[in-house]
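For reference, the structures are reproduced in the following blocks.
Here come two complexes built around chain A, the first alongside chain B, the second alongside chain C.
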Partner chain A sequence: MADESETKITFRRGAPVKPEKIKGLFTGLALTLRTMLSKNQVVQYPHEKEVPVPRARGVIGLNEDNCTACMLCARECPDWCIYIEGHKEKRPPRREGGKPRTVQILNRFDIDYGLCMYCGICVEVCPFDALHWSPEYEYSELKVANLLHDKERLGHWETTKPAQPGYEKGSEMKGAKK
Partner chain B sequence: MSPTPPVLAAQARASAHLADARMAIELETPEMTLNIGPQHPSTHGVFRIVAEVDGEKLLKADPVLGYMHRGYEKLAEVRTYPQITTLVNRIDWLSGYCNEIPFILGVERLMGIEAPPRAQYIRTILSELARISTFLVFLGSYGIELGALTPFFHTMRDREKVLDLIEGVTGGRFHPNFNRVGGVKDDLPAGFIDATRQVMNTVEDICKDVETLLFGNDIFQQRTTGVGLIPLEKGLAYGMSGANIRASGCAVDVRRDEPYLVYDDLEFDVVMDDRCDSYARAWCRLQETLQSVRIVRQCLDRLPAGKIMAKVPRIIQVPPGEVYTRAENPLGELGYHIISRGGRIPYRVKVRTPSFSNVSVLPWLLKDVWMADVITILGSLYFILGDVDR
Partner chain C sequence: MWDALQAADWLAVKLIALSFIVLTSAYVLGFGFLKILAHMQHRVGPMEAGRYHGVAQLMADALKFMQKEDIVPAKADRWVFLLAPGLVLGATILVTMTIPFGPAWDFVNLDVQVFVALAVSSLGTVGVLMAGWSSANKYSLMGGFRAVGQLLAYELPLVLSVVGVVIMAGSMNLHDIVMAQSGFGLFGTGITIPYFVPQAVAFGMFLIAAQAEMSQAPFDMPFAESELVAGYATEYSGFRYLFFFLSEFASNFAMAALGSVLFLGGYSYVLPGVALADFNLPTFWENFIGAGILLGKIGLLYFLFMWARSTYPRLREDQLQKFAWKYLIPVGLVNIGVTGILKVVA
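Entry: the complex of A and B
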């Protein structure tokens, strides 16, 4: 039985560690001492804050100027927590004598964070780069209804969008160092 | 009537006491039905066992499932494939990343797409990191269930570092939703490889600490050795998988038997034990954590350059077909049976979760055991209730 699959098995019997009472006591005490002398790892939350990583999915920000109310995000959302209303308006043509332009105006853009699963599909499907993730996380509310963020509030989150660091070497993403 | 002499009174009292004592000896202890749960700190979720106890002995146990049922199989029938990956994250919430792998592999197999090598390596690294974080929870919480408080703080502290790595790449600590059909969402951020190497050293240290402090502890060994024996035939008959069956002496590991991702190129051991008891199950998980560290290090060394997404259509439409893909989750074998009748939405997604099969052995296992051993056995099987009920 010397086939290849046999080489990948660790097979052990019996207790791997023999309990040694006196030595074990000192091992435990040594760990206690080591931990006591090491740096404190606890962050006292309201007084000091951890900085989330730039990619952290904390809250979604909306860049209202980019949004054309195309409803792609609202349709692709797995739990349908985005509410969009918009209307069309005529604008004067760019050149003289041209046809008047039609623009989409956003009346309402709400995300219900009480429902949101923080999956990021809306950010990904947006063809006009209007939605972004921000690592902000302090927006808990006493009432569930207040978790519905309107476009002003989402616009505020957009300003907290962090700069993304580059990629690990070997990456062929846009903006990666060669 | 003359007063009773004190000697006689003392005799009367003594005889009354003796009669009481005889009563106590002859008192029958009737069988009693006792509910363990639905909420109990040792069950990792909402789980209920209706137990018939005779004193300290548990005669019969009947697990009641379904408190965590969220209907993911049904929800998947009205969602597109990219939306379903957000759902499968939540099946086993401790290792959200590992749940995505078999589903995405199944969809890719139906569509005839293969992810580029760099994406495969990133997937392997992240799923092993998720495995490490799950096992660190086990090593800590199993100590707590048996009365050892210290390992919990140490393992949880180091698990935080592993979760920070996952968050740094995917943006989510528990629900990464990082896999896409044909690749992964984003490339690794700068500095990831160095940070991971450091954390892997930390994990190795904590595993050694846990091995000496917890597994070498006399009390721990006496409470776990020989408790909750599952013979190999019984384990196989109940469809157990993962470390639970490997501790019963059957070296099955989907990563080696049916290699997916890049496990074929990597060197790792399938940890196996034949003692079949709670100690063996815990010991297997400890050793598997070290094997995962080994796998992550190999992946970091071999990480190829290149693209992270294959060419996929913008709208994911899966041709008609049927596929069953499985993967080695931290808890056991996780499989998805995906039936597609064409279009953007699957016809049916059947999820085979490891915890459900692992829990099904409980009525057989929890017979004639002491109450104190019930927690030992439940903890050593290590199931996640979201994984049991889906």
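Entry: the complex of A and C
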């Protein structure tokens, strides 16, 4: 109790009322009124769709023909959300009497979007341009298991990727591929 | 016998009309609150319920509240706890009762009507204290104390601002005040103007004090969601919480109505030189048009309240008290003195 009686309550004098403070009150009012009268940018999502920018990281599409099942993407994935299974098959030789060719056949290529964190490392690392970003974003599911997209579904996403914008002016001279 | 029956009949009609006005106004203003605040914060507010811009949102909210369990805390003072929301809403209904909506549309017509309006408006304070005290919750208790301290502190500026109007009109009857404003020429000229011009100081005080009486944003310490959960309404759920919710918007309506009757010329004044009373319409139509004029003015004042609410952050509790006692009340006293002197001299 002794401590409490020694506690001294001091009152600080409030800051003096300056003209700027009064002016500030009206500045605030003007701001909210301006906001109210300005055009609203809200998009009513289910009724009207938002158009994402072409390079938005919506979903990753797979070009199956380009994939050689090299597993680089699966290994580089920080979440380990890419599952690849493949096998080798013999194909007839190109020339008469030649050795039969060996090709990689993709059995399974799944991306688990329940795990994916959209870092895009798989797209970056693919040496054969088999993976691409697409701006599509409407693929929510009622069950988590359905977020595992198989290679048919990823192939569908590949069809939604935006057209390549073309090379920069003068890039031909550096020997970029056409 | 017949007189008694007729009187009882009128009373029933009036009660039904009153509850209709309170509920409808609370709904409309509550929806206006959602939309005005949303647009001022660059949102659009409710858009889904009721197809057209979410007009049925509050109905859905009310239905939700009704489904909730009516919880009374184990340590709460049961009867006081249960009665408090009804008392708060009842006080609001009583304030609405004193508003004249047209030349012949009023619920009561007393010589001291302003006095009655201000007296019953402070009745809700008791309900708020009951709610805060009986909840057996420290947040509720703090909220109740803050609410009572605030309502008492701002009741005075409210009364003082109204006194200026009463001096100018020379009457405490709201009908007389309305008619006096329709015939008031500004500074001896023939331009009629309501009292918000000659009583500009009182009008500003009234707006600030009304904002505080309604516990709205710069003065919303009794609720103060970042400090006190929900203030005195913390322990309430379901229907009883809905009562607090309703009374908040119904009291907005009552305060805006009182302000437009006292300062904006009520149901009569339209434009300088144009008043409803000049047209000599049948009383029946005068009532309808007068109510429309009054509702327009209420909407205007309500927008001012909401504008301030969405713009200013909450004051600190001691700043709130200091503002009332050190600034508003002295200014109000000076205003009364000046008004009285001018009334006698001019």
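In this text, the second predicted complex is superposed on the first by the 139 of 178 C-alpha atoms of A that agree within 3 Å, B and C clash if a C-alpha of one lies under 4 Å from a C-alpha of the other, contacts with A are read in each partner's own complex, and residues count from 1 in each chain.
Just so it is clear, a contact is a pair of C-beta atoms (placed from the backbone, for glycine too) under 8 Å apart; a residue touches a chain by one contact, two chains touch by 3 or more.
On a predicted model such as this, the values are computed, not experimentally measured, just so you know.
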Per-residue touch tally on chain A - higher for chain B or for chain C: B
Which superposed partner A:Ala56 touches (first chain B, second chain C, both, neither): first
Partner chain(s) touched by A:Trp157 [first = chain B, second = chain C, both, neither]: neither
Touching partner for A:Gln44 - first (chain B), second (chain C), both, neither: second
Partner chain(s) touched by A:Tyr113 [first = chain B, second = chain C, both, neither]: neither
First, second, both or neither for A:Gly166, with chain B first and chain C second: first
Touching partner for A:Leu29 - first (chain B), second (chain C), both, neither: second
Chain B and chain C contact sites that coincide on chain A, given as residue numbers: 28, 31, 35, 41
Of chain B, residues touching chain A in the complex: 79-80, 82-83, 86-87, 118, 150, 154, 157, 164, 167-172, 175, 177, 185-193, 209, 211-213, 215-218, 221, 225, 251, 256, 267-275, 279, 283, 287, 303-308
Chain B-touching residues of chain A, taken from the complex the two chains share: 5, 8-13, 15-21, 24, 27-28, 31, 35, 41, 52-57, 76, 78, 117-121, 124, 133, 164-173, 176
Residues of chain A touching chain C in the complex: 14, 25, 28-29, 31-33, 35-36, 38, 40-42, 44
Complex contact set, residues of chain C against chain A: 36, 39-44, 47, 307-308, 310-312, 319, 322
